[in-house]
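I have a structure I would like to understand better, so I am pasting it below and will then ask my questions one at a time.
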Amino acid sequence: MRLSYPSNVKVVKLPCTGRVDVLLILRAFESGVDGVYVAGCMEGECHFLRGNLRARRRVEYVKGLLEEVGLGGGRVEMFNMSASQGQRFAQFAREMTERIRLLGPSPVRK
Amino acid sequence: MKTNSRIEKILGQGGFVVTSECGPPRGADSEVVRKKGELLRGVVDAVNVTDNQTAVVRMSSLAACAILKGMGLEPILQMVCRDRNRIALQSDILGAAALGINNVLCLSGDHQKFGDHPQGKNVYDIDSIQLIQTVCRMRDEGRFLGGEEIKGKPLMFVGAAENPFADPFEIRAARLGKKMKAGCEFIQTQCIYNMERFSRWMEMVCERGFHEKCAVLAGVTPFKTAGMANYMKKNVPGMDVPDEMIERMKGVPKEKQAEEGIKICVEQIQQLREIPGVRGIHIMAIEWEAKVEEIVKAAGLFPRPEIE
Amino acid sequence: MSFEPKILSFLCNWCAYAGADLAGISRFQYPPNTRVIRVMCSGRVDPAFVPRAFLAGFDGVMILGCHPGDCHYISGNIQAERKIALLRKVLSDEGVGSERLLLDWVSAGEGQRFAELIRGFTEQIRSLGPFPKTEEIEGKLRAIRTSLEGEKIRWMVGKAPELMEKENVYGERTDPERVREVLETTLREELCKNRIMGFLEAATMTAKEISDKLNLSLKETLPHLVSLVGEGRIGFDTSEESHYPRYVRS
Amino acid sequence: MELSDRTTNKDPAKPVGAVMVVGGGIGGMQASLDLAESGFFVYLVDNSPTIGGVMSQLDKTFPTNDCAMCIMSPKLVGTGGHRNIRVITHAEVKEITGPPGSFEAAIIRRPRYIRADKCTGCGECAKHCPVTAIDSYNEGMSKRAAVYLRYPQAIPKVFLIDRDTCIGCGLCERACLAGAVDYGDKESVEKISVGSVILAPGFEVFAAERRPEFGYGVFPNVLTSIEFERILSATGPHRSHLLRPSDGAIPERIAFIQCVGSRDVKCGNDYCSSICCMYAVKEAIIAKEHVPFVKPTIFNMDIRAYGKGFDAYYERAKADYDVRFIKSMVSKVREKQGTGNLLVTFLNEEGKASEEEFDLVVLSVGMTPSQSVRDMAARLGVNLNRFGFCETETFTPLATSREGIYVCGAFQSPKDIPETVAQASGAAGAAAEIIASARGTLAIKKEYPPESEVKPEDEARIGVFVCHCGINIGGVVNVPAVREYASTLPNVIHADENLYTCSQDTQEKIKNAVKEHGLNRVIVASCSPRTHEPMFRETIREAGLNKFLFEMANIRDQCSWVHMRRKAEATEKAKLLVRMAVANARLNSPLTETEVPVIQRGLVIGGGVAGMTAALCLAEQGFEVFLVEKEDRLGGNLLHLHHTIEGGDVKAFLRGLIARALDNSKIHVLLNSQIVDFNGVRGNFTTGVRTAPDMVYQKIQHGITILATGAQEEKPDGYLYGEDPRVLTQLELEDRLDQAGDDAIQLQDVVMIQCVGSRNEKHPSCSRTCCATAVKNALKLKKLNPAMNIRILYRDIRTYGFLETYYTQARREGIVFVRYDAEESPEVKKEGETLLISFEDKILKERMTLKPDLIVLSSASIPRENKELANLLKVPRTAEGFFLEAHMKLRPVDFASDGIYVAGSAHAPKLISESISQAYAAAARACTILSKDNLMVGGIVAVVDGERCAACLTCVRVCPYDVPVVNVRGEAEIDIIQCKGCGTCAAECPARAIDLMHFTTGQLEAKVGALVEG
Amino acid sequence: MIVGNRKDFKEILEKLGPRRRVLVLGCNECVTVCGVGGEREVGVLASELRLFWKKEGETFEVREHTLERQCDCEYIDQIRGFADEYDVILSMACGAGVQYVSEAYKTKLVLPAVNTTFLGVTIEQGVWSERCQGCGACILDMTAGVCPIARCAKSLLNGPCGGSSGGKCEIDNETDCAWQLIVDRLKESGQMERYEEILPVKDWRSGREGGPRKRVREDLKL
């Protein structure tokens, strides 16, 4: 649909958000990304039954960890969308970018 | 008579016992104890002295008992297993006996979580039933738990508390049986509001003949306000306050609620007296010792019997 | 102070421009309000120049080419006529200056006629007064300009003669009626869409507000909104809930 | 595709191993996939320019509210990309000649004007096209260009020119950099040889103009349900915003009018369209989800929520979504002057005419076969019934009147998606039966060069191919700069750019580059791996590289298309995406897929009609089958049935079926037998069976399992059942009617009570068949004694499809139908010897008491005892005990565990014809495994490093498919045959002992690392 | 298994003080299973440290390593080669592991990153519950297989206190009353009469009260 969204968003493809590892998200922050979001199927529509629900819990957990180390839990988020919701994807991409922009660059990146 | 206990004596005469309680102060001022003692003098047969009730630190039960004893009252020493191990417990029993205290009430004690030192470590070396056994053994066999002989047995009349409404349901009566088996001679119950349920419990107790070996003193607590009634129903575990009682409290204007509370309490005492097996009343007027006299009198339990 | 119109004229090199020169040589007098742009052929005049000229402050635009049949480039003037007719229709539909546009023919030998045309047109514009510049009219002109500059219209305008007179890509001749219909419809759609985009630059609007501004019924307006939504150029403002959603530029 | 050797049948005696499927909707796709996966070549012919059918237009599907496009797109992509399916779109079948098994079909291919082999689907043509046309995909509510793609996810993703609107200006040709536009395209006729044919042309919706009283086409705010569906859809005209046509306002009060063009004798459609009740409920729910203040009202005669889980959905609509249901037919709709609002006139429950105002009216239009489909049927010599649907017989629901031609989906009778899918698989089974001997003769098996060995320690040699995609990427991203950048990255040996990397010549270029530069990893930076990865993988495999050594960077869909106005940033992002791909590719390792032999033998549990039919279908296709039946004889429920509502002789049919099953040498019938243990995975199961009376134990090895354990009539509770002999169940009545010297003629008053034990708290579902059974038995009674008074007390009459005609007949014959509410069910009692029944009469508004001679209870259909079996096979059941399929919509006969299927009433209550269809379906699905010698397993699966495993059981608990187990060595073990590769275990293993191949922790971290470095 | 809880990050940071070369040491036994000190948690803690110090702009070195067990010296020896490169070993094992590592590396600072909480079981994925206190004299035969020492808030041996309500303990209504469980199980197994028996006072010498314990099995000794 060629909906525009900010170019800061880079995608790492996974078979299922169930594959999203708490450590992978942390490592991403170590590498210096400013924010991470996990985009999974709508709840109840996971191709692998419940991978997206598990991912959501992990994202919540990482939020806590990021708070602990002082990066702020807001830098990570979980979104759900379906394959036909390009509009929603673009919207989340914009929302997240805007949110991260407000939070400023990751303090890890020097 | 095994002991010099006034309660034992009244019960021995077939009398109806009235006890009340006195919470020691959160300080070292003995006057507080004395004032409360004064209010109860002659009004009740014996006075329970609580042992760091709800796990809040107060003047020691033993010390407060000694003060009351000095005033000529008959104290009942409450002992919880939470704070002392078997060494300390036995030591305190010897001390109490030495001070002329004739009654002990053996309790588990509220968990420290509810008190002012939730950080503390609890002891629970022995439990309340084992404490009953321990006191009886010290008195009857003249031996410590460790087996050594006691020089000068502590002559204590041994009691315990019981909540007729507590779970598990299956052991409601058996729990009392077990205490009785351990040597318990009197029971003071949790405050009773639901007469019907209490009388059913009493039936179970009587059916098994427990009441014969162990005197049941039914506990009552007058409501000061409708709010208090509501709080007890909602927040005190194992407390059964019928709705109509709360409604009755709510039904009178605020300034008259205390009066209504007393009235209800008196009615309750009268009903409890009618229940077979009930050998006495334990009035827990929480921080309201001034009203005990009024209640006892209104309930027709005054004057208290004399003993020789 | 009396109004002095500013007029822009496009003159074809071979006929009209020569005619103008002849007028000079012959000392035929005409008002000085006209600014001349020489083009090689009237066919060069892009219809989009006209709204552009109005927006730039001109009160009238003249396009003068060779007489039919005389075009140095065979049919440039005929093409100009088609294009300008389309433009004129749009201007008149929108009510923005169709009467301020003149297309006519002047041969190299018609110096006299040239002067008369200038005189006549200048008088006509003078009597019309200055080009009314309201926000709405400027919006319309901008939308017309953008639409005419779009590839679709330019291609169609350019291809139309071939389609109607020679053959289309399938080796057939397209029905002229159909070509006209497509051209007009497409232009109208582009125009409405561009106007809507213009409206939404300033604020979010409901379909009703847009239709009022377009002076169209809601039923006529909705398809334009649907197609703009489809192209991803506009979307819905979801910040507040209401029975009448507001459209917003993406 | 090589066609020459497929277009003629060289040996007429031997059947042709190819099937033509007509119609590429969900049914056609399913049939094609099942056949192609079972070793046949398939020609899928669709009239439309793309496959997908009506389902592609749907927003959500009932009763799960799944997004239709999301669940369908894997089937679309699978069909479009299948080696053994040739999709022929924009075409129709002219004629079919020759004998079954060796048909020759002539197909007219209409010109597309865009070459499929060149079009990349980029859409530049449509963006430039100056002509606008009505967009039929959005039901005319939006516009499209004259050159178009029906919908964004369409397969094939090839545009076409709508010649009717195109003016031939040539602009698209100029815009198309791929050179795909071909104005010289002409209509052509192609002849193909096929062994059998499946017709799945689907339906069109009833033309609502034919009911002028509803004002469709006159009042803008009267829509058809399919138009409303489009409005709700994310790809709809308002991008899922619920707006009404007249003024773009959000309609608050929405009325749905049911049965528009269905159950309507006047317009000749006196059948029920079966799906409208449910889709109306769904649309009402979705509308409410979109806009919480919407107030939907559904005007209906009966709510026909007869399918699995439908009644619960209906109840939810009432309770959770405040959908109002009014039992009434609307007589007129008119517009309220100047508002666009509509005044709906209807008879209210009291029988009085009343009027209510709505903002929008949705007409629930019925299903009807299109004229072009009727014409095709005439050309092919296939009989239609009087409504224009394909004529089939009760006991052969998949066969048309012409031998060798089969039917499925809405062309056979109105039906919903799961039934269409099941029937499609069934038709595939039937179509395969007659050409089974030619299996594998035409299916293309691809030969590859040997894979060159790539060891982990080998240095990566990466080739990067950056795509311009015409101007789709090149117009935004500076492709040469990206290529230049790629060549500077570590391990990149070769970098190149292409106009279209997906074009045929570029594939060759890639293969040559692999050879020339000794590449061992290939990266294409272009579009989405979702659509193009399979193709590029194929290319590098042809070049001798393992397909997992391929990697993609999506610089179009996720870069150039979405950052069009920020060219510099887009270029930077493209570079970064390439860098990430390189980081990942360096760690890509060749994954081998291993072959596991398939035991080509089936096990069918349950010897009723479904079980026997499935066993026969497998046996006819040459597979050995064990048919295990608990009872001492075959037949199941049919042993108690005598005739069908259509008049079919069940007894005779059953005798024939049993004889065929017993006579078939491939079928081993085990009576008095029960399953006692069960192990293994698809392709290789081992089952223990114990047979009475001696309880002999045997082990059966088989590749697939079909559960067909059936259902039974529940013994009713109450209504004096079992206490008075005059209270019977329908089955008991049927038995009695069948007995010789029947006394039914004597009966004067009979009352039937519907929904006994159904649609209540214990058993919330509808038992589906009881309405038809009651009508059937009532008609039979009436025939015996026309003077008999028969009353049927019902909640909703659910005679869906053509069953409706019998309901009509029953009323015509004087059978009285009286509706009751669940809250006030009829009361049966006895006074002395007199049987009394009392109930509330809604119309007379009084309590009626009758003294019937007979009361017949339509008792619920409940599953047979299957709990233990379910535990043994680890297959799920619904709360009511029916087996629960893998997916309500698109996998109606599969279980989530591969290789196990369900058929018949064990799945949910069914008619005989439906059970037969489903049995064929289960068999066809089973053949997708049985027909293969080996299964390929492995690839993207989770692997355990036993050394590190702490045997903590986390993987065992979190796996959604219960695959991991802790083995005897105390280490987790994940069976690669069963692992579906989601990676949840890898993400949670506390010892990090599990990794997911191709998405390893190392790769993901490298990718993330590359995101920021540099 | 031994169940623990990760210490707060803040506390760990405080304990680390100025030390920036850290070896985060996991254990692949109980703490892995209860999701507190296995390789994954080692990774998480190491990540947190790196993120924090990067944020603060400090230089540091954090290494991740997980041993098969931290309660056997042979395994502990496996880090001898590189342990010296670090200022501190941050052990994610139970208290036993932390001490044993500390004993093995006498000159090294070994810090606990985990609070060891109890001996328990997995109730469900992610939920663990206490079952045993290691009193050294098991009485489960007397209490229908439910240990009142570990599971009654007051370790009452002879029945519930008066606070048991609706099957829950008085300390909170999430915690089961151990005596309710015992009574239920006695009832189910038809042994209600056992409740009547009074359990004697317990001899705590076998437990922690008898001083640190040690177990020797002569036949297994080398």
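Residue numbering begins at 1 within each chain, and the chains themselves are lettered A, B, C, D and E in the order written.
Here, a contact is a pair of C-beta atoms (placed from the backbone, for glycine too) under 8 Å apart; a residue touches a chain by one contact, two chains touch by 3 or more.
These figures come from a predicted structure and were not determined experimentally.
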Q. What is the set of chains touching both chain A and chain B?
A. E
Q: Treat touching chains as neighbours and tell me the shortest step distance from chain A to chain E.
A: 1
Q. What is the chain whose Cα centre is as far as it gets from that of chain B?
A. C
Q) Where is the C-beta contact count highest, in terms of which two chains? A) A-D
Q) If you average the CA atoms of chain B and of chain C, how many Å lie between those two points? A) 103
Q. How many angstrom between the C-alpha centroids of chain D and chain C?
A. 54
Q | Centroid spacing, where centroids are CA-atom means, of chain B and chain D in whole angstrom | A | 73
**Q.** Interchain centroid distance [CA atoms averaged], chain C/chain E, Å
**A.** 84
**Q.** Contacts with two or more other chains, residues of chain E listed in rising order
**A.** 40, 43
Q: For chain A, write out the residues touching at least two other chains, lowest number first.
A: 1-4, 22-23, 27, 87
Q. Which pairs of chains touch one another in this structure?
A. A-C, A-D, A-E, B-E, C-D, D-E
Q) Hey, which residues of chain D end up touching chain C in the complex? A) 128-132, 141-143, 163, 167-171, 173, 183, 220, 237-239, 241, 243, 245-250, 252
Q.
Touching residues of chain A toward chain C in the complex: what are they?
A. 1-4, 87
Q) Across the complex, what residues on chain D touch chain A? A) 66-67, 69-70, 73, 152-153, 233-235, 239, 529, 554, 558-559, 561-566, 569-570, 572-573, 576-577, 580, 896, 940, 958, 960-961, 980-984, 986-988, 992, 996, 999, 1001, 1004-1005, 1007-1009, 1011-1013
Q. Inside the complex, what are the residues of chain C that reach chain D?
A. 151-153, 155-156, 159, 163, 168-170, 172, 174, 178-179, 182-183, 185-186, 189, 206-208, 218-219, 221-223, 225-227, 229-230, 235-236, 242-245
**Q.** Residue numbers on chain B that touch chain E, as the complex places them
**A.** 81-82, 86, 108-111, 113-114, 122, 124-130, 133-134, 145, 161-163, 166-168, 170-171, 174-175, 177-178, 181-182, 190, 237-238
